[in-house]
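After this come two complexes, each holding chain A, first together with chain B and then together with chain C.
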Partner chain A sequence: MTTSLTLATAPVVRRWRPRPGAAVGALMLGTVLLLTAIVPLLPGFDPMGQDLRAALRPPFADPAHPLGTDALGRDLLSRLALASAVTLGMTVVIVIMNAVLGSLIGILAGYYGGRLEALITLVSNVTLAMPVVLLLIAICAVLRPSAGLTILVLGCTWWVGYARVTRNIAAALRRQDFVVSPLTQGGDSVWVLTRHIVPNVWPHTLIIAATDVATIVLITSSLEYLGLGVQPPVPSWGSMIFDGQRHLAGDPWLALLPGLVMLLAVGGVQFLSQQFTAETRGGLLRKGGMR
Partner chain B sequence: MSTVLRIENLRIETDGDTPRTLVDGVSLQVDRGESLGVVGESGSGKSLTVLAALGLLPVGTRVTGGRIVIDDRVLVDVEADVWAGERELRALRGRTAAMVFQDPMSSLDPLRAVGAQVASAVRVHAPRLSRRAARERAIDLLTSVGVRDAAERAATRPHQWSGGMRQRAMIAMAIAHDPLLLIADEPTTALDVTVQAQVMDLLAEVRDRTGSALVLITHDLGLVAENSDRLTVMHHGRVVETGATRAVLAAPAEDYTRRLMAAMPAEQERATPAVRTGEADALVAENIVVDYRVSGRKTPVRAVDGVSVRIAAGETVAVVGESGCGKSSLAKAVLGIQPAAAGTVVVGGVPVRSELAARTAAERELAQIVFQDPYSALDPRLTVHELVAEPLRIRRAYNRATVGTLLADVGLDESYAKRLPGQLSGGQRQRVGIARALALRPRLLVLDEPVSALDVSIQAQVLTLLDTLQREHGLGYLFISHDLGVVRSIADRVIVMQHGRVVEEAPTAQIFSDPQHPFTRQLLAAVPRLDGPRRTARPAAA
Partner chain C sequence: MPGRPSPSVIDVLLFIARRLALAVATVLAVVTIAFVLGRATGEPGALLLPDNATQADVQALNSSLGFDRPLLVQYLDTLVGLVTGDFGDSYRLRESALGLVLQRVPATIELAFWAFLIGLALAVVAALTIQLTGSRVLRAIVGWAGAIRQSVPDFFFALLLVLVFSVLLGALPSLGRTSYASLVLPVATLATGQFVMYLRLLDAALSEQAGQDYVRTAIAQGQRRSTVLFTRMLPNAIVPVLGMAGLNLGGLLGGTVVVEVVFAWPGLGKLLTDAVSQRDFPIVQAGLVFVALAFVIVNTAVDVLVRRIDTRTAAA
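For the complex of A and B:
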């Protein structure tokens, strides 16, 4: 009988048509990336050096400190650049850890099914029920808070979304004839997983990762704001906002500037990821249409 | 006699800067109580034409020329710039014209009771009707389309309904408001022949009862011959030929119509068998039993119950039967994909274990499979070259030239090597699947409905290819099919299965000329034929 379910597998990447939102997103994120890349090359780059005589300079007032200085007289532009590199770097590491871990777990659960899948579902549900921030606070109460610890905890607790999606795709792929075919020719599960399952699953992982970046930036920043994560004197967006808010009345830019950079980064990533998902969604929907 | 649907000079194009013309200058007309068959291969525009009539064109396509009139209402007139609004179209759909889709599996919502779905179809155009009354009407409708114990069955969900019963439910929904026009788009393609016959009987009976007109869209000339008064043949978006069904089929005026008819599987057995003597049998399977565990049940379901098959080198043995008869499970057991619970399998003279995982790579080489669905059989990311190279790479025997030879063997030249499956037609995909199956030089090829997803002309090409390859390599074919026409033209012997058992086994000629078992006779009688009995008498002029 010809009743067949055509699986929308790997999103078909077709002609890339930029959307206006994507251009805005690229501009926003590009500004932040440029900041992190160029500023350290400038002659006055010094994110740590204190100069109490030059404390709380407003932006655009002192050519030596284009964006002004904080309460300890540290150059705000330099600190913003370093903070951006730190926060974005942490985010990327966390997202990659989760994407790899989650997809791996999901693929194994979907492909093998049975008891392994039941176990993985149980672990996912427990993980999902765990309040990550409270967990981190609890761990920091015992161990000393550090960037590494934040990365480790967030990097191992945010994978359930990846696992859920990839599990379903892998389970559907497993029933496809092109996955059965290599088995009948002498191939083993490793062959099938590496040649057919992973390559057809990872574009989906990429889509989730793209939308996850913004979430992780916000979570790490909130943690930094609470003092969990990178420790002073190394700056991060969250800790800079925390430091700045004491001076909100007199020198609001101290909190507003890191907030603005964060806005540019998160907004930029969101706009860009929408282009990404829209593009691939078109590919997914196109299948099974007329003709 | 009043005209229910009139399409004049319809043109449909794709959107975009460089529109492609999909349907061009198509005109057709259906009168009250008449049945019009629209025949063509995939891509001929036959579905688009009728979808346009209901304002249901898929996104990305639009009407750019012509007129559409249903029941004296002008829905579209491009020259006069008349375009029916969505409201007008909605009022029309289901009430004046209703549609029965191809796939009864995906046309029903799996989460709602079938009766409730029929009731919503009733209420769409009768919002004042109480829920209770709508439900009663739904049960009446289901009873009228031959659903037994409709009151009880209405409360069950689609997965508890068979394909044929679901199609009955779809028809019940379509006739809820006694439409003047019923459009059936490949209504029986997904069904067994015996069920197909029942559904077509029902459509004819509905037409007699309500006096509605029927547009039957299909690729099956036999079906049209038995079920339509007039016939329109379409090709590449144009009408090739139109006229009274009998007259057109008796004396087709156009070349394309003749080619379509010629491509239908010949009603004769193949002339020269390719059986080779002196070589090891391609397959000796004895007393195969296949059980499926069903969650919530202690005893497993027995899909295959002690079936034995013997296939000589170069011989084609067809296994036919309705869906669920165990023919696919038998094939899977031979390959080891679904391990047999009992029985022995010997492929090319080598006894193999029942479980695929327990077979050595060399044992697995002996039996290869060509899948039914050319869409799910090929990894969409791999090029044709890589797809055919895969089995060779698995066995570390990859060689560029070998892949080229394999592709040439199935009639695909170098230019196809770099293409992706998405850039191939169904027939070309199936050729790639055959090349891949041949890569490891198997002794037995399991062909699981290899041509059922293809157009007739492509079917004929693929069958010819299979015949050539068999003679060349002395392959044994285990040919799984529900299409008796195809079976007749390719098989040396036929095994008829019902409820997991063999009910009849005989040489092809004997099965077709002198069937012994009642079930075999029933199967044969249900196959639509060009010269088959007419299902409907033309109703008296109104």
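For the complex of A and C:
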């Protein structure tokens, strides 16, 4: 399925029309961000301290541990807050790395064309045709899993979407008068790229990044669930759910709570990004369709 | 499109040749990554022998496994192995790595196949119902439920199903592959994810078709809406969706790996994750290459088929 891109002159955000989904999304994501920001300031914050006498306390039973404790007696609320900070922080870094890398590659390919573009198209086609998640699992497992490795590997492999879209836009812009005319009058490419190409491309990068956040959280937490990522005792959503799985029959909240926080965060991002894409689509991007 | 010449045999052959070249490049890339991974952690001798083995023993094992040869020779050997189907023996089990991989394939295909089929079938039914009734409420409900399903990873949705159907109701098994009942939960986990994805694609494609001139003309001529939907719009809408399905196979396989771990399903994913943690590289290599090959073959086949069926993309 091919979609050709045509550029319209409408501004990126035309009119702010809040959708019901956006309010719900903001509320969901806000809850998680609040949890991440406020809990570390509370007096009882201790995500690592073990207390085997207070193990497996249910939520709302012990004022010292508002959400209960895990099998080692560690405070669940503290661990949830730290896990959220860890996973969300990693996700943000990974998404920014991919967005910058992919957009840079795409802009250069679209602007200069030629062999560079052919090479990049080949690389991205090959990447698209690979079982990337399987490879990620293998790479992260073989090279001694750590948070840094996950960031490095995911941060350098999920850029094809950005490169494809930005390449198309840069190639379309390349033929526009306002890009060609400075070049005919002696302007250099760096000036054209920074003044004319990048400002027209980055809103699209932002759209992809917004929808990518959810995907990256889901992939990182799957890696964490498999034990590939942040290593214990530092908590993450995936590893907390994995630990909680063993107590599913007696103490299901151990797995349910981190899952709920993840649902709030990812769902919130998705609802918010739908608002975002709805605002921008049709303004800059008009899909050619198949007529 | 009027006036466009139909593609000649040469065009079609060229297209297939280009797709094949891409397929070969992809498999080569995966083999190379697998090879680099296998060598990146050093030689396997020290890992495989007990701690009290002598240095001489370790070296003897390394050279018997071929690790003392130049890297280029080892790499070329791997490439030859790819053609002849010889990936060496598993370090731990002393059996052909490819044989071990092939033993596990049916279990994985079973999961992926049913998940794909059920997910797609339900998506078609739901998308057609939305179009036929024109119900905004139905679309909103399905949309919200889908968004929530997409907001949790497969492994957590799987745990929720286990909690409800195994722990609370005691109705379905949560581990292993013993009976048809043990298929239900893993397939349900994967199928719901597939369902949401295909429903979105189909609904968008059908809605786009609904605005086309031929639909308006057909309805103006007095054809029934359901007839137009089933005989005209659905075939047009479903072909690009099937094309996407080929690309999404990778996602489905990736999801299957994790779901297999959750349910202790004895498939390829379980074998690969176990092999990775035991540093059993022949299995990792054989498994990765097998998956890449299967993936590339299905992708190429779907691509060629879609172009064959869908005249809109035939000349592109």
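By definition in this document, the second predicted complex is superposed on the first by the 269 of 291 C-alpha atoms of A that agree within 3 Å, B and C clash if a C-alpha of one lies under 4 Å from a C-alpha of the other, contacts with A are read in each partner's own complex, and residues count from 1 in each chain.
What we mean here is this: contacts are C-beta pairs under 8 Å (C-beta built on N, C-alpha and C of every residue); 3 or more make two chains touch, one makes a residue touch a chain.
Here the structure is a predicted model, which means the values were calculated and not measured.
K.L.:
Considering only the touch criterion stated at the top, classify A:D177 as touching first (chain B), second (chain C), both, or neither.
P.N.:
first
K.L.:
With the two structures laid over each other on chain A, which partner does A:L128 touch: chain B (first), chain C (second), both, or neither?
P.N.:
After superposing on A, A:L128 lies in contact with chain C but is clear of chain B.
K.L.:
When the two structures are overlaid on chain A, which partner does A:L248 contact: first (chain B), second (chain C), both, or neither?
P.N.:
second
K.L.:
Looking at A:L218, would you say it contacts chain B, chain C, both, or neither? Reply first, second, both or neither.
P.N.:
Second partner only, chain C.
K.L.:
May I ask you to decide whether A:N168 touches chain B, chain C, both, or neither, giving the answer as first, second, both or neither?
P.N.:
neither
K.L.:
Please indicate which partner A:R195 is in contact with in the superposed arrangement: first for chain B, second for chain C, both, or neither.
P.N.:
In the superposed model, A:R195 contacts chain B only, not chain C.
K.L.:
When both complexes are superposed, which of chain B and chain C contacts more residues belonging to chain A?
P.N.:
C
K.L.:
Considering only touches as defined above, state whether A:T31 meets chain B (first), chain C (second), both or neither.
P.N.:
Once the two structures are laid over each other on A, A:T31 reaches no partner at all.
K.L.:
Between chain B and chain C, which residues of chain A are contacted by each of them?
P.N.:
Residues 1-2, 289-291, which sit in both footprints.
K.L.:
Show me the residue ranges of chain C that touch chain A in the complex, using the header's touch definition.
P.N.:
22-23, 25-26, 29-30, 33-34, 37-38, 40-41, 147-148, 150-156, 159-160, 162-163, 167, 208, 212, 240, 243-244, 247, 250-251, 253-255, 257-258, 261-262, 272-273, 276-277, 279, 284, 288, 291-292, 295-296, 299, 312-313, 316
K.L.:
Which of the residues in chain B come into contact with chain A in the complex?
P.N.:
Listed in rising order, the residues of chain B that touch chain A are 22, 42-43, 47-48, 51, 58, 61, 103, 105, 163, 189-192, 323, 335-337, 356, 360-362, 364-365, 367-369, 371-373, 375-381, 390-391, 394-395, 422, 436, 439-440, 449, 452-453, 482.
K.L.:
Report the residues of chain A in contact with chain C in the complex, numbered from low to high.
P.N.:
Going by the criterion above, the answer is residues 1-2, 122, 125-126, 128-135, 137-139, 141-143, 214, 218, 221-222, 225-227, 238, 241, 245, 248-249, 252, 255-256, 259, 262-263, 266-267, 270-271, 289-291.
K.L.:
Could you please specify the touching residues of chain A with respect to chain B in the complex?
P.N.:
1-7, 9-10, 12, 176-178, 180-187, 191, 195-196, 199-200, 289-291
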